[in-house]
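When the chains are written out, they are named A, B, C and D in that same order, and each has its own residue count from 1.
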Amino acid sequence: MISAAIVGASGYSGIELIRILSTHPDVQIRNAVAGKSAGEPVESLYPDLAERVHLVLEPLDQERLKGVDVAFLALPSGESMTMAPDMLKTAGRVIDLSGDFRLKSADLYQEFYGRPHTAPDLLGEAVYGLPELNRELISSAGFVSNPGCYPTSALLALLPALSHRVVDPRTIVINSLSGTSGAGRSSSVALSFTEVNENARAYRVGTHQHTPEMESVVAAASGQEVRLTFTPHLIPISRGIFSTITAQLAETASREELLELYRTHYSREPYVRVVEGVPEIRNVRQTNFCDIGLTVEERTGRLLLFSTLDNMVKGAAGQAVQNMNIMFGFPEERSLG
Amino acid sequence: MISAAIVGASGYSGIELIRILSTHPDVQIRNAVAGKSAGEPVESLYPDLAERVHLVLEPLDQERLKGVDVAFLALPSGESMTMAPDMLKTAGRVIDLSGDFRLKSADLYQEFYGRPHTAPDLLGEAVYGLPELNRELISSAGFVSNPGCYPTSALLALLPALSHRVVDPRTIVINSLSGTSGAGRSSSVALSFTEVNENARAYRVGTHQHTPEMESVVAAASGQEVRLTFTPHLIPISRGIFSTITAQLAETASREELLELYRTHYSREPYVRVVEGVPEIRNVRQTNFCDIGLTVEERTGRLLLFSTLDNMVKGAAGQAVQNMNIMFGFPEERSLG
Amino acid sequence: MISAAIVGASGYSGIELIRILSTHPDVQIRNAVAGKSAGEPVESLYPDLAERVHLVLEPLDQERLKGVDVAFLALPSGESMTMAPDMLKTAGRVIDLSGDFRLKSADLYQEFYGRPHTAPDLLGEAVYGLPELNRELISSAGFVSNPGCYPTSALLALLPALSHRVVDPRTIVINSLSGTSGAGRSSSVALSFTEVNENARAYRVGTHQHTPEMESVVAAASGQEVRLTFTPHLIPISRGIFSTITAQLAETASREELLELYRTHYSREPYVRVVEGVPEIRNVRQTNFCDIGLTVEERTGRLLLFSTLDNMVKGAAGQAVQNMNIMFGFPEERSLG
Amino acid sequence: MISAAIVGASGYSGIELIRILSTHPDVQIRNAVAGKSAGEPVESLYPDLAERVHLVLEPLDQERLKGVDVAFLALPSGESMTMAPDMLKTAGRVIDLSGDFRLKSADLYQEFYGRPHTAPDLLGEAVYGLPELNRELISSAGFVSNPGCYPTSALLALLPALSHRVVDPRTIVINSLSGTSGAGRSSSVALSFTEVNENARAYRVGTHQHTPEMESVVAAASGQEVRLTFTPHLIPISRGIFSTITAQLAETASREELLELYRTHYSREPYVRVVEGVPEIRNVRQTNFCDIGLTVEERTGRLLLFSTLDNMVKGAAGQAVQNMNIMFGFPEERSLG
């Protein structure tokens, strides 16, 4: 039995961590930190947890966190990096769910996050927590940076094609659809029901901070510098991401060959399912699965990839727990359904 | 051609007034007042109006409003009453869309709106702008208080039964479902898409400010003091109200008799349709109609009434324009579709 | 370890049973019967189950069902009663999720279901499977009739008030809101997204088959014949029921007294939560909980009850598994989260 | 005043034609043909039209249609082509809203529509009714084929760039999101609320019949054969299309230059708005506008185009009426808001 702290326990990612970890037989949630709501039981903010989870939110206090085996930082980008240096001393291991440690370059961080990085020394230390790519590194890591929801979706779809040189990485175009929970527990007119319902729109076109995150992994996997186009869209659903990716085939290949290649690539992965047709968000809702489908468009010589996941689970808290299971040697699927 | 001012032009009711009045051949919108957004063209806030409406929002300035033929106050309750005394001097006629002048008693206002009334002398002056009830009074009024969305829905359903003594008014139970636009252009977590979608809940149970508004009209129509139960619910739609009303029949009556009574009662009303079955919100969406259906439940001796309208049109801006048409002698349906 | 058969495995209730039972450590799903889809793996109909559940749908064949410890009939009303007599011989115990055995009178069945009952002899045998009311009877039953979704919601809210004579049962008015999954896996224009979205409507007004089901339980609990008004509404959500119930208080009582009474009444129930405020559908989504809230309206002398549950879980498959756990002596919460 | 016939009056496109034409001062709807519902008033199918439109649906009978000035064929693809030859003799002019006459090649039709074309001689006669491209031809046409909803959205976004050789047409990738009404008034499980809500999915990947429709117009505009990738997605909204298009720039250009080029290109078009930022579906809902936005992604050298319209209006009935106005010399915006 290990002890866990969740810092940022009142946001959607934090509460999802609580939902998952509260059923984990090897973990005891010792600290649920939420500054603004300190003193309140979690169920006063999330009544679905009444009679299921008995936790009182507490203020941030490194003293109280001391000796905890694992700390999850479920904080907004910008806040995590101010806290990470202390947390790395206080906690046995740290899993950061923000975007603060996903890029390896402080300059790129400044460019896409719009602020200087305050802990650039730690950028090299954080292991990028995509189990399907970095399971070995994660298993021995003290500091894991949990991938973004969009990158998890796009990279799991792209990695087999890239590592087998099936597509030309310079032609990658990624269109993603996301639900509103990805924006966090937010009070903005733009995320109000009245303005989201019966609507759809692209946002942060050409400037989304997940773009360089994807590019750096794609570059590593393909062995060449890559600039890709990523366009996120907001659609009226609460949870879920659907990504449609096109790329020019490097050489002719049939759908059957590529399906076989993908199935082989992911044959031992517990949370990637290569599906026969086109995946749908509802099939992965509330699960840690990423479902992937593909088609070869002979008319254009392009590969079309489709990928779907639940942004709160495989795109955030579920993947964080999967990483924790790997780090502590627990069965990887424990408490993940 | 008359001139109109819309005070509170950037909220949902204000902008709906602009949408409707911009197609009215007898009205020119002279002033669109929105303090916080003064200087901006309306289309910067509501891009659907681009190339359709050419108005620049202006600050509140009684000088600029002087001599306007009609002023619409599309302000939150509490703000209207501070502005109404001045506006009544500045503008030829005033139509208030807030709740500030719907009750006749300052004490009731204090009880249900939670603040003292600052212009109690004007409470007696405002005509309650339900055309189906007060068309005569409205036609000669200088100051009209536009009814609430819920009361319009419930009262149009109840008035025929009450005025013909068909039901016992002490047994009235009103359950209403509303979309989110009724809460205005709002930035609260409780109205965010993530928390409204796939959800339903009752709110302001037993304390909603529309309760005394309904009671006072029911009392006048039935000739007796009445306390009724009104429970509003928020459901995941943007626009629309559906009300279900039960009341004990005063004496036996068949569905056919009552349908006939309702049809006769509303035979000359342009915006009330008595339907054969149960009305649905989608049939009145974006229209000024209130659709009413009814059933007699013989097993229990109860009358069941169903009423539906668009809260932004018949429940707010559409009814306000209907009132304006009556006040100025324009055809009542002009610009209302 | 017991063996289970699910007859009607391809409908929403059947598949929800599979989802729940597939995680039950004491149950093995031996037969998943779905005539029209026989031969297909369940994941071809419900791809969310891929790599989680390995079952092939089979045709109905009493031979293959022989000796099964428990059979769930997840069939439409009308079909269950033709199959129940055989199933009661074939299977150790039977839990019927249809409406066919919820009423005790074949005449009432004919009146509300619109067809003659074909197994009237069995009406008296079936135990009404509301654990909070009939746990003792269920524990020794061979044949359980699982309650309807609306009745579960309304009765759990009403029972404490009725059994303590707090309200006048002749004044009960029930308004319920439901999502679309309650209508089953259906291909009708009326349940298409285009016609349900941005809409709300009442349906089967005064004639819904759940009305006599509620009346008979209310009559038993209150010791008097009762006719109540129940009006179901369809709102644009997939899952969930929200019920708002009004009834005249028999004598003055405060909200605090009644909350206390409710909390005491349900203090040992694992799946009823008495909440401080108004419950919301999203708090019970995908759970077996029924959340109940209440208010006393002093102005009218009425009790207002609010009740919410997930129609597929506590309103169907979850409650069926809860009943199975009781019948076989398993811990009541096993596999129910 | 001209007379109009709507053949296929009970589908979503037909009824939208009725909604629009019923307010047109120069048009009288003489025939509303709907075989299956002949004899019923339109309001029995679409109660929103009660007291607004007084039409009785009639069976198909060429005798009754004789001499009508314009006939709209609002029929499914496959049915229109069997009727068009007769209609062209019976009616003064014909506007076909199906896909049957959008392609110029019977072979392509066979390939993408999956059936042989039964009136191939007429393929060359039909003018492709995109006013922004073919206004002159439309004005003198006797037979107009109304464009598909997706092609209207994509082509209006692409045409300025193509006609000015701004992009390499071989690199075009089109991703479109659509609401459910595009599939027509349908009773399929796949379009039921339960399965569409909280979901998103791509469909007809690589095989959608609108692909060759777009390709042929793009080829004509760019002067070269083109194969493009078009992927439609279904999202949980009732109405609206949002298209995101990427293409490699042929040479460097700035966002400002291209915005200027687009604004100039469409400066006289009443129904195309070039917007400053990213367009949103809600801004064009219930209107005949197509809103277009664009961005130049310098990192990748790509142009990103965004286009949005209401599939029932500019994507179907609205554009058909716009074509009719052009054909008969009425002001182009008449009755289109």
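Heads up, the rule we're going with is that contacts are C-beta pairs under 8 Å (C-beta built on N, C-alpha and C of every residue); 3 or more make two chains touch, one makes a residue touch a chain.
It should be emphasised that the depicted structure is a prediction, and the values quoted were computed from it without experimental measurement.
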Relative to chain D, chain with the most remote C-alpha centre: C
Result of counting contacting C-beta pairs for C-D and A-C, higher pair: C-D
Centre-of-Cα separation between chain C and chain A, whole angstrom: 37
Interchain centroid distance [CA atoms averaged], chain B/chain C, Å: 39
Centroid distance [mean C-alpha coordinates] between chain D and chain C, Å: 46
For chain B, residues contacting two or more additional chains: 179, 197-198, 236-238, 279-280, 282, 285
Touching residues (chain side chain D, partner chain C) in the complex: 12, 179-181, 185-189, 191-194, 196-198, 236-238
Residue ranges of chain B touching chain C (in the complex, touch as defined): 171, 173, 175, 177, 179, 195, 197-203, 205-206, 227-229, 231, 233, 235-240, 242, 244, 246, 278-282, 285, 295, 297, 299-300, 302, 304, 306, 308
Residues of chain C defined as touching chain A within the complex: 47-48, 50-52, 197-198, 273, 275, 279-280, 282-287, 289, 291
